[in-house]
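In what comes next, chain A is part of two complexes: it sits with chain B in the first one and with chain C in the second one.
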Partner chain A sequence: MNTTFKNYQFTMLDKIYRSEEEKERALRLNKDRKMAQSQGVTVLTDAIKACSEEIDKYKGKLVVKEGARAEMYARRAAQLLQELSTCEEGQLPPYNSDKFDQVIRECEEHSKQFQSLIREKNSKNLDIEAKNEDHYGSFIHHLSLIRNKRCLMAYVYKRAEVIQSYRWKVGRVLPEEIHDKLNFSEQEYFKNHCAVIDSYTKDLDLDLTVDVIPPKDPYIRVRVLSEIGEVSLGDHSVSLCKDSLHSLRRTDAEPFISQGLMEEFME
Partner chain B sequence: MESWEEEGSVSGSGLGAGTDVELVRQAWRNEKAAPEILPFEEALVRRLREQIQLQEERAEELKSEGMEDVVVSLHHMDSDRALFLLKSYLRLRLHKIEKHLFFYSSHTHLFARLSPEEQLFCNSCVDIMTQHLKQSVLNKLPQHYQSVTRQSTSSEDDDMVDSPQLDTFVFCKTKTDVGAFQLDDTGEEIVDLVVDDLYVLRYKSIRGLVESGQINLI
Partner chain C sequence: MPGYYDIDDIIMEEEAVSVVFHVGANGVGLLDPGSETNCVEKGAKIDLPFWLSQELCRRRAVSIIVPPCFNQKMKKDVQADAACVDLGTRYPYFYEFGCKIFPLVGDKSIGPFLRHTFASRYKEMLSKSHTASINAIPKFVLRLSKEEYQMFDAAKSSMVEYKKWRVSHLGLTKSSLLGHKRKTDSQLSPSS
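Up next, the complex of A and B:
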């Protein structure tokens, strides 16, 4: 009994002792942190001071003229691309002509600013190599314009890639809901691209748009989607009524499938 | 496919018997794994197409001779599979061209890897894509920023052309003993390529071996 009590006492003492130690350590840490903080603050204040001195030096010039707005540049173009990238792979959002035109106007504005800054610089009769605030200002406009251009090009190009993939997946005629998402130039592009593929397959005498899945069986099960009637296939003739099921040679069935008159029947 | 052909019970003209199907399959695998377009296997494609044609004719012949349906259908299946392989190979190449249109059309040594039909395809695609980009974007931009391949008139080279990622990793299998092979320019990384072994390496470093046929991509 006695020993147990003693043990208990020891553990209690131990605990108290330890907590004291911890408290001390915490205090020490806090002190360190405070010191570090005050040091950090001095560094920061110094930096701010240096900055404001610098700003004062250039007041009314580049920093104030361009700095605040620069972060806004090319934001719209980035939003345009964001719209595209949040879309599922192989899907297209409707062509956003409003935003697109806004970015185009932004580009024109950049070009105007760029030229006026260059004029301003030239009017100061400086050395050609001299790099004053007008030089850097115009450079910002130049870079923003390029960035906008890259975004717009990426937008149109990426869309065109998705559009041309439809030829392989959907066929020559686009369903209305996809067709409506394209602008005029894109619709034209799709038609032209189909024509290019057609002329390639004609040169080669091989239709690459069929046989997309590796064949497991020379025969496939098909369901007739619309009335076709009596058709002679090889040595026998088949009556292809609507909704009837048949087992046909893949090569016989494929023309009907691509015309949308039949579909492969999967159980 | 090969097994029933090897029994020799049907005919010797089957597609599995020749190695051309096997060669096309390897060309297809290489094409599938390589990030850039590989030289077009013109002779091989021509031979395979002739063989598919023969196989089809043979099947019809057998049918008219009253051969069992199952044998005829096996012949058909054989040629269907070879045809699929061929089409898939050609399709893969077209997709690669579509993806890096401007790059292939402007690099003559890569453009030379395309078949005449593919070159025509590439050029026409460049034309319609250029037209589309001009119509939608470039004509609306300020004067010095209207080039398709350059950011602005002050660019010194084609800085708007996307190129294939050559430093991706590929799985590959050695066909012959290559020996100690240097993976980078500095010579710090050397790997001993033994025959019939599997490796995962950067495509860029083994590019030459793929072209010379010493290594296969899988």
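Up next, the complex of A and C:
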């Protein structure tokens, strides 16, 4: 009986002891977990802090990068040419005077910077052959100037070429929609070009602007599309009313047709 | 040699290339978006338009990094199927650009690579340009580079001219040899 009691006591003690141990372990675990948690939180907050710091560091610069993309030297001048090249062959986009002026302003800015850099270089009393930071800076501005010049020249040149071709394709009088696309000096250029061709034609006594392939019939039947009025053609005068039909000499009718005032009448 | 006023050449030179500066340059901070001051520092790596990098490279102020259109990945793409590589939208001036940049970067493989690309794309381009309908623009045209497109256009218009010429010569008299038909036996002896 005694022994059984003792045994019981032992087992109880054992149990108690064990439960104590368990409690302690649980406590320790809990503590560990808490520590881990608090450590984890600090790690996280640290990381967030570092990230936001990093973001702040680059914030301003990222914006600058976007801005710089549009502002790259001579980019605008190239955009001008892009406008021209996307247009179909033999046609012109409207003269972009805004952009043209912007490019000119950029050129002035380059020239100013270039001169100030050269002054700075000279003030340092270096050998004239020496190449320092100022030298390369001014060189880049110089190249940008040349580049801008080339773009603008190509823009004007290409437009002039198309304008010249109008004299041969469209005739002496430009229709409204083409006329509006030219700027003032281009209109002058067109007039002068016409005058030059006219005087040359007079000297040769041969109209160069007529069709190269001879017509089968020297006369053409035309329908008048808009009111023109009394016109003297050669030795007689004709009254060209709207929707009237006429049989005219091809050479007389051609300028009217190219201006869109008449059309060939086909039965 | 493209002329001074050549618009395509000017637009091609706008293509951006990465360069590394060997020197510093004052007063051009705009080129380097990362710089705090108004200058580019030595060793900075920046994207510059080709016209600027070309001149700077000739004066040994910068060195040009081989652009991505001539890297290993592109070479593999071309090897796989050259005709499928989309040059039109990504590198519209692929060949011209390659020819211009090759002496500056000193990568000897670019020349043969360009030739290989062109040769393998040429055949398909030519056969398609001859069979393409006159008005519709087929889809694959968008994949062609600017230079290839010009060639495609030329081939197409020459085909149109050829067809016109053939139609206009249909009125020719037939050769007398072609008109002779050998008389068959039945015609020789109709009575039998």
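Note that in this section the second predicted complex is superposed on the first by the 141 of 267 C-alpha atoms of A that agree within 3 Å, B and C clash if a C-alpha of one lies under 4 Å from a C-alpha of the other, contacts with A are read in each partner's own complex, and residues count from 1 in each chain.
In this text, contacts are C-beta pairs under 8 Å (C-beta built on N, C-alpha and C of every residue); 3 or more make two chains touch, one makes a residue touch a chain.
Just so you know, these numbers come straight off a predicted model, no measurement behind them.
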Check the residue A:A74 against both partner chains and state whether it touches chain B (first), chain C (second), both, or neither. second
Touching A:H141 in the superposition: chain B (first), chain C (second), both, neither? second
Considering only touches as defined above, state whether A:L204 meets chain B (first), chain C (second), both or neither. first
Scan A:V238 for contacts with chain B and chain C and give back first, second, both or neither. neither
Does chain B (first) or chain C (second) touch A:L117, or do both, or does neither? second
Should A:Y157 be classified as contacting the first partner (chain B), the second (chain C), both, or neither? both
Contact residues common to both interfaces of chain A (with chain B and with chain C): 150, 153, 157
Taking the touch rule as given, give the residues of chain A at its contact with chain B in the complex, in rising order. 104, 107-108, 110-111, 142, 145-146, 149-150, 152-153, 156-157, 160-161, 164, 168, 183, 185-186, 188-189, 192-193, 196-197, 199-200, 203-204, 206, 208, 210-212, 214-215, 217-219, 249-251
Parts of chain A lying in touch with chain C, wherever the complex brings them together: 61, 64-65, 68, 71-75, 78, 81-82, 84-85, 113, 116-117, 120, 131, 133-134, 136-141, 143-144, 147, 150-151, 153-154, 157-158
Of chain C, residues touching chain A in the complex: 4-8, 10-11, 14, 23-28, 30-31, 33-34, 39, 49, 51-52, 55-56, 59, 61
Residue ranges of chain B in contact with chain A within the complex: 49, 73, 76-77, 80-81, 83-84, 86-88, 90-91, 94, 98-99, 117-118, 120-121, 124-125, 128-129, 131-133, 135-137, 140-143, 145, 151-152, 154, 160
